[in-house]
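For clarity, chains are labelled A, B and C in written order, and residue numbers in each chain start from 1.
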Amino acid sequence: MLGRGLLGIYLSVLVVLPIAALLARSSHGGLSAFWREVSSPEAQAAIKLTLGVSAVVVALNAVFGTLIAWVLVRDEFRGKKVVNALIDLPFALPTVVAGVVLLALYGKNGPLGIDITFTRTAVAMALLFVTLPFVTRSVQPVLLELDGSAEEAAASLGASRLMVFRRIVLPALTPAIISGIALSFARALGEFGSVVLISGNLPFKTEVGSVYIFGQIQNENLPAAAAVSVVLMVLALIVLAALSVLSRARSKHVH
Amino acid sequence: MSTETPRSSAPGGSSTKASRLGLRTVALGYLALLLLLPLAMIFYRTFEHGLAPVWKAMTEPNAMHAFWLSIELVAIAVPLNTVFGIGIALLLERGSFRGRGVLGLVIDLPFAISPIVVGLALVLVYGQVGWFGTWLSEHGIDVIFSVPGMVLATAFVSLPFVARETIPVLRELGTDAEQAAATLGANAWQTFWRVTLPAIRWGVVYGVVLTTARALGEFGAVSVVSGRIEGQTQQLPLYVQDRFENFDATGAYTAAVVLALLALATLLAMNLLTRRTRARSKLAPASNLNPEVI
Amino acid sequence: MAIEVRDVTKRFGTFTALDDVCLRVGDGALTALLGPSGSGKSTLLRIIAGLETPDSGSVSIGEEEVTSTPARTRGVGFVFQHYAPFKHMTVADNVAFGLKVRRRPKAEVRERVAELLALVRLDGLAQRYPSQLSGGQQQRMALARALAPQPKVLLLDEPFGALDAQVRAELREWLRRLHEEIHVTTIFVTHDQEEAMEVAEQIVVMNAGRIEQAGAPRELYEAPRNEFVMSFVGPVNRLGDAFLRPHDIQILSHPDESSTEALVRRVVHLGFEVRVELTLQDGRDVWAQVTRETTQELEVEEGQILAVRLPAPRVFA
């Protein structure tokens, strides 16, 4: 009982009160004020950029994440275990370090002579880095379960490799890929640390939602910060809730 | 988060061999360009002029302060989240009460919310203009732009890991052993310490590793609540940014390398632990919301 | 100590697991709760142990009413169906658990553990872990662990359910002898009538949350109170509303006034016992349980027409 009380206080102080305060602040001036903040040109640009770049990143993740998972499960080469372990690096590496790391190679003084700093490419690259593990890690166990016998059977029936992939492998992997995509997308929507150094945070060009919020906090424009915060939070929750509904419907279907 | 060593299958044949090699090249090439080469580059850049400048950068007073502040934040946030995380897991798995769904949602929120938003939400409660701002300043308590705020931010973002790692282990354990302990005369406390905790310990440790990694690396939320005052409210990730923005590449790279090494140590620990708890997949989403996002 | 259950009802949602159940178990008795799955027998056992709380009714152990006493102070020893071993503890530590949580002196704990391990014949395995034991050994460890704190009553939930046939037979015999040795009031749950008949002094037959009949094995077999007990305790032939036991059907060498004719459909040799499947004159099928000698003497063969004498069938209102 004492434990439950303490737990209640802890969660209230840490999570519930702050989120309540955020919601309260964003709805302070009513819906019209909220809308005004969200539809200011700079906020609009930031939200649109966030959604656009996240969509591109997620599409790339779907392709490369699945490919990497396939290679890690079905291929055999030296150092596979190490590669497999390193997939999780973006989860373990502090996001600001991810930004610094990317700049070390692709920044102004990089050895390749490329400079991506302050471009949308840089934003996309940072997001690709931090969301790398999601698709791979959700596809991998499904591929492991899919023991290859169905593929072999299809091949023995004369199906080409491409056909086997499209008809047998891909349908089995789709739920896992969607789940990885949803998690990547939710993560990309709120990402800050890896983007902040690399993007230059140019309004209307490379400023994503989280960076916009940060700027508004610095400018003590809390209503704008709170409104856009709520937009990002609700978008992420919708994506994750949809994923949860989808996976529940699916598990009902299976059993 | 890592899976067992996968087995290989699929028949041979020269055309499949070629396409397989092709796929492998593309996949590894992508990983190299995005992950490995940038990481290797930062290590190279850090050590290209020998150890002396690195040592100098590391022993810089502000660097030392940032390092110890990071340790301090971890030392407070991780034990708190471990104790409460185990408590939440027990409540969700063993308790029966109204509002379980709400509790599950609350502890998953940190997964769904941008760190910047976390920082802002904390400011709106504990900052000068926040709900408790006036009361706190009347009593001379600094939260925002000070270490307590950083503790809150760090604890918020690393809240779910212990609970989320412990829940599936508790579920798998079942209640038989705990009930057996009860019929043998053990009280709730004895049952927890002697029966439940030893059985779930590797799940808890795994959660602690993830919590620690997340707490060490937190950037967005603390950058809002800390005020980023040099030598006072700068932990290691904030120090990296500070050095970088002040064109001190060596300082930034050195601190980044320290954090990268800690991340690699985390990966190693995760892999060792996965072997201990090999029975279960780390990836099956334990909750209705997001599984593991550091 | 005697156990008394009065008017206990327990529901799980809309499912009634126990419906106004009363039961008395005498001091030192060895009792079986017998019934099909879902009959409420495990729920009743768990309510006696304090692992479930009844919606209404009461439970007493000895003179003491224990309905609201938690499991840990009830003084019951409970053996779980899957043994519920503490996997991270050695066999000795498992057995010592109930004594350690009571903070008994170390020397006493050591002595008692050694004594119990000898009793369950696990002396040499004290330092093993449960995962290194066979199913039967884990079962005996669980029993020693339950007995260590000297419980007032011993409760076993499907104690032999997860074991293979041979180990099962051995353990039944052994449990019976153990009970003679320590004489603690014991209740075990089973769905196997043979097991109940072989081990228990008293059998309580349960069905759909109610007790159908309680009594000595022989009493239940010979004087079942209703058709459920009749068909659950021992094999049965059903002829419309009437029931007869297969071993009560006699095969005669010569027909007489009380006999009737029957066609032998099939003869199944099960060792000493032989199952003869018959079709009666009126076309109904029954089977008779006879000895090998009978079939040899009478040269019973498939396709033959025989004289059989049917017992007076039992009819339950």
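The working rule: a contact is a pair of C-beta atoms (placed from the backbone, for glycine too) under 8 Å apart; a residue touches a chain by one contact, two chains touch by 3 or more.
Not measured: the values here are computed from a predicted model.
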Per Cα centroids, the chain farthest from subunit B: C
State which chain is most central when centres are taken as means of Cα atoms. B
Name the two chains that are joined by the greatest number of C-beta pairs in contact. A-B
For the pair subunit A and subunit B, the C-alpha centroid-to-centroid distance in angstrom is 16
Calculate how many whole Å lie between the centre of subunit B and the centre of subunit C, each centre taken as the average of the chain's C-alpha atoms. 53
Once you find the CA centre of subunit A and the CA centre of subunit C, what distance in Å lies between them? 58
Which positions in subunit C touch two or more other chains at once? none
Contact footprint of subunit B on subunit C as seen in their complex: 49-51, 70-74, 76-78, 80, 82, 84-88, 97-98, 101-102, 142, 145-146, 148-149
Residue ranges of subunit B touching subunit C (in the complex, touch as defined): 176-177, 179-187, 190, 194-195, 198-199
Sites on subunit A touched by subunit B in the complex: 3-4, 6-7, 10-11, 13-19, 21-22, 24-25, 64, 67-68, 70-77, 80-81, 83-97, 100-102, 104-106, 109-111, 125, 128-129, 132-133, 137-138, 140-141, 143-144, 147-148, 151-152, 155, 161, 179, 183, 186-187, 189-193, 196-197, 209-211, 213-214, 217, 222, 225-226, 229, 232-233, 236-237, 240-241, 244, 247-248
What residues of subunit B sit close enough to touch subunit A in their complex? 1-11, 16, 19-20, 23-24, 26-28, 30-31, 34-39, 41-42, 45, 80, 84, 87-88, 91, 103, 106-107, 109-125, 129-131, 152, 155-156, 159, 213, 216-220, 223-224, 236-238, 240-241, 244-245, 249, 252-253, 256, 259-260, 263-264, 266-268, 270-271, 281, 283-285, 288-294
